[in-house]
C-alpha cells in the first residue's frame, strides 16, 4: 500500500445514523498507517511510536473521535462496536474478513448496522 | 382408481404457481404437507400469513396474545375496523380463512415463554419471527437451534427492514452467532415506541413469506445471507454475505445446549426490562 | 375555536407513521388530501390498495372490469372465496373499506380505453400501473405524459418483478423513452398465460405503495431508476440508474403529443392481438 | 487497454435466460479488438481487416453466435437488441453509456433484461 491516506465510504443504518448527524452516508479519509494503540491524534507519527496498517478497530476509534456527535457508548464498547451492531466490509459480514483486524484498503465500503427488533 | 395427489380444484386454484419452473405439482404437494408457525400477527405477520395462506401452506400456526387496537390498522392489514378489541391471532385466522378455507389454522392466544416455546414450536416445520422485541427474538433463535429448524426472521423499524434465515441448513448461523450479547435497552430503541411505515413491514413480511415458500419447495439456495432494506436508501436493498455458524456460539456452538439452558437463561434481563413483551405487540 | 387539521382519532390511527422523521402531521394531511388511481385490482393492485388504504390516502380509484376467479386467489389477497364471480373492483373496494372506512373509494368497472382513459385518469394525482398487458402499459404511459402525472409502474412474471416511476418530475423518462417499440407478442410472452408466484406480486405491489407514499409526502428522491427483483437471484434486488426523458421520444419528446394522437394510436396492433385486454385481468 | 481479451459478466433476466440454456449468469471472454463489421469469427484478424475496440454491438452479435441456443429473433433485430429489451452496463441504463457504441472494459457486467408485462 503506497498511499498515505485511505478514502473510505462509510454507511450507518438501523438507527445508528442518528449518532452521526442523522446522515447515512459519509466519505471518510484516514491515514493508511496509524498508531498501534488506536489513538487518533492527527499529529505526525514520530520515531519510536508503534504503528500498524489502518484496520477496522482503528476506524471505529477514528469515527468516534472525529465523526460521532453524541453518546459514544451507543457506538463503541471495549475497543469494538457495542453489542447489537454488525459491521459489513464491502457487503460481507466482517467476521469473514478478520473483524477488527481487517486491514482497510482504499475505496472500501464499511457499513455499520444496528440490529432492528421491531415488527 | 388411483387418487390425485391434490383435490381437482387445487389444480385450478394454484395453477399459476404450479406451472413455474422448479415448482410444479411436487412443490404444491410440499406446501400442502408443510406446517409453519408465525410468531406475531402484527405488521410483519399479517402479510406473511396472507401469502402463505394464499399459496396453500397446509398448516399455519398463529401465535399472538395481543388484541387489535386502532393504532395497528395503519399497517396490520389482516385486521379490520370491526376487529378492534379482538385477539389478533383470531382476527388474522379469520381473515386468512376467508382467502383459503382449505388450510388448517391453529390459533394460539397464549404468551410465548421459555417454558412453553419448545413444546408449541416443535409442532411445525418452519418458524417465522414476526415479533417486535429483542427477548423474544433471542428466545426464538434458541428454540430454533434446539429444534434444528430454520427461523425466518424479519424486523422493521421506521423506514428500514432486515431479513435473515437463522439456523439455515447445517452451517447457518443463529441469532447469537451474529449478536452474542443483547444490546442494552437504551441502545435498542425497541422496547420503547418507535415509528414504522406500513409498507415497510409489508415488504419485509412478503419477503419472509417468499423465503418460507422457497425453503418448503426446495427452491432456496441455502446460503446464509442478510437482506437490508431502507425505504429512503439509494439503492434501497443490500444483500450481505453472512458468516457460518460460530464454533464458540453459546447456543448453536454448544453441543450440550438444550431445553433446560433456555429455561434458565434470563431473557427478561436480556432486554433490561422488568416485564418483557414475550408476545409480539405488533409494533 | 380552530379546528384540527385531522380528526382526533386519526392521530391515534396514524400515529406510528406520523412520528417518523420527515413524515409528521404534514405528511398525513398530504395523504388525506391526495387521490390515487390503481389500474388493475389483481396481483399487484391488491397489496397496493391495502397499504394505500391503511396509510390513509384520502381518495382511491380502482379500475378493473374483470371478475374474481378461483385461479386469482393464489395471489390476489383482497379477494376472498366468497367474492368468486364478483367484480374485482367491487371486491377490492369492500376489502379496503373494512380496513379504513374513512377513505373515499371510486369503483370503476369499465374497461380503460384510449377513448375514456384521459377523462377517468385526470381526476387523480398519481396513476399506478398494476396491469398485466403491454397495450395498457403503453396507453397508461401516454396518458401520464399528457396529464404530466407520475406513473408508478409495477410488473411481475414468474419469479421476477420490475418497478419504475415513469414521468417522474420534469426530466423522468416515459415508458416509450425506454421501450420505443412494443415487442412482438411472441417475444413478450405476456399476452399468453404465464406462471406467477404470489409473494412476488406482493413484494412489487408493496414497493409501488411505498413509492406512491414517498411521492405524496415529499420523501422521494426524484431520480429516475428501475428496481429489478428476482426471487431466485443472488442478490435478489438490483437498482438501475435510468436515462432522462429522450428528446426524440414519440410521446414525451413531442410538444404536440396530445389526446388525439393517443386515440389514433393503434394500441391493438401494438401487442399484435386482435382484441387487447384493455383492462387488467389480474394476471 | 493492453489486454488481448476482455472477461465480462453477462446476466439475462425477464425471460431472456430461456434463450441461453435457462441460465441467468454467464462469464464470457471476447477479444478486445474485433472486426468492424461485427462478424464474430474467431480466426485471427488479418492485415487490411477493419477493426474497432469491442463494443456492446459486437457483444450482442457474439452472444448470438456463441451463446444463444435458439430463436435469435427473440434477442437481436437490426444489429441491436429486439424491442422490449433493456441493456444495463454496470447497473446503468446503456443509453447513458453510448448504447451499442459503449467500449467494453475488462470486468464489466452487462445485463440484458426483457421488460415484463404481467401483474
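Descriptive notes on the structure:
Labels for the chains are A, B, C and D, by order of writing; each one numbers its residues from 1.
Assume a residue touches a chain if its C-beta (ideal position, glycine included) is under 8 Å from a C-beta of that chain, and two chains touch if they have at least 3 such contacts.
Quantities reported herein were computed from a predicted structural model and do not represent experimental measurements.
With centres set at the average Cα position, the gap from chain A to chain C is 42 Å. Rounded to a whole number, the gap between the C-alpha centres of chain A and chain B is 33 angstrom. Across the assembly, chain A contributes no residue that touches 2 or more other chains.
Across the assembly, chain B contributes 21, 158, 194, 196, 238-239, 283 as residues in contact with two or more other chains. A linear topology is adopted by the chain contact network, the touching chains following one after another without closure. Pairs of chains that satisfy the touch definition comprise A-B, B-C, C-D. Taken in their complex, chain B has these residues touching chain A: 40, 42-45, 129-134, 137, 154-158, 160-162, 178-184, 186-190, 194, 196, 201, 226, 228, 230, 233, 238-243, 246, 280, 282-283. Residue ranges on chain A touching chain B, taken from their complex, read 13-15, 24, 74, 82-84, 86, 88, 91-93, 95-96, 111, 113-119.
Taken together, the chain C residues at the contact with chain B in this complex read 9, 12-23, 47, 50-51, 54-56, 70-71, 73-75, 77, 79-82, 98-101, 158-159, 193-200, 202-203, 206-207, 209-210, 213-214, 219, 221, 223, 225, 227, 231-232, 234-237, 239, 283.
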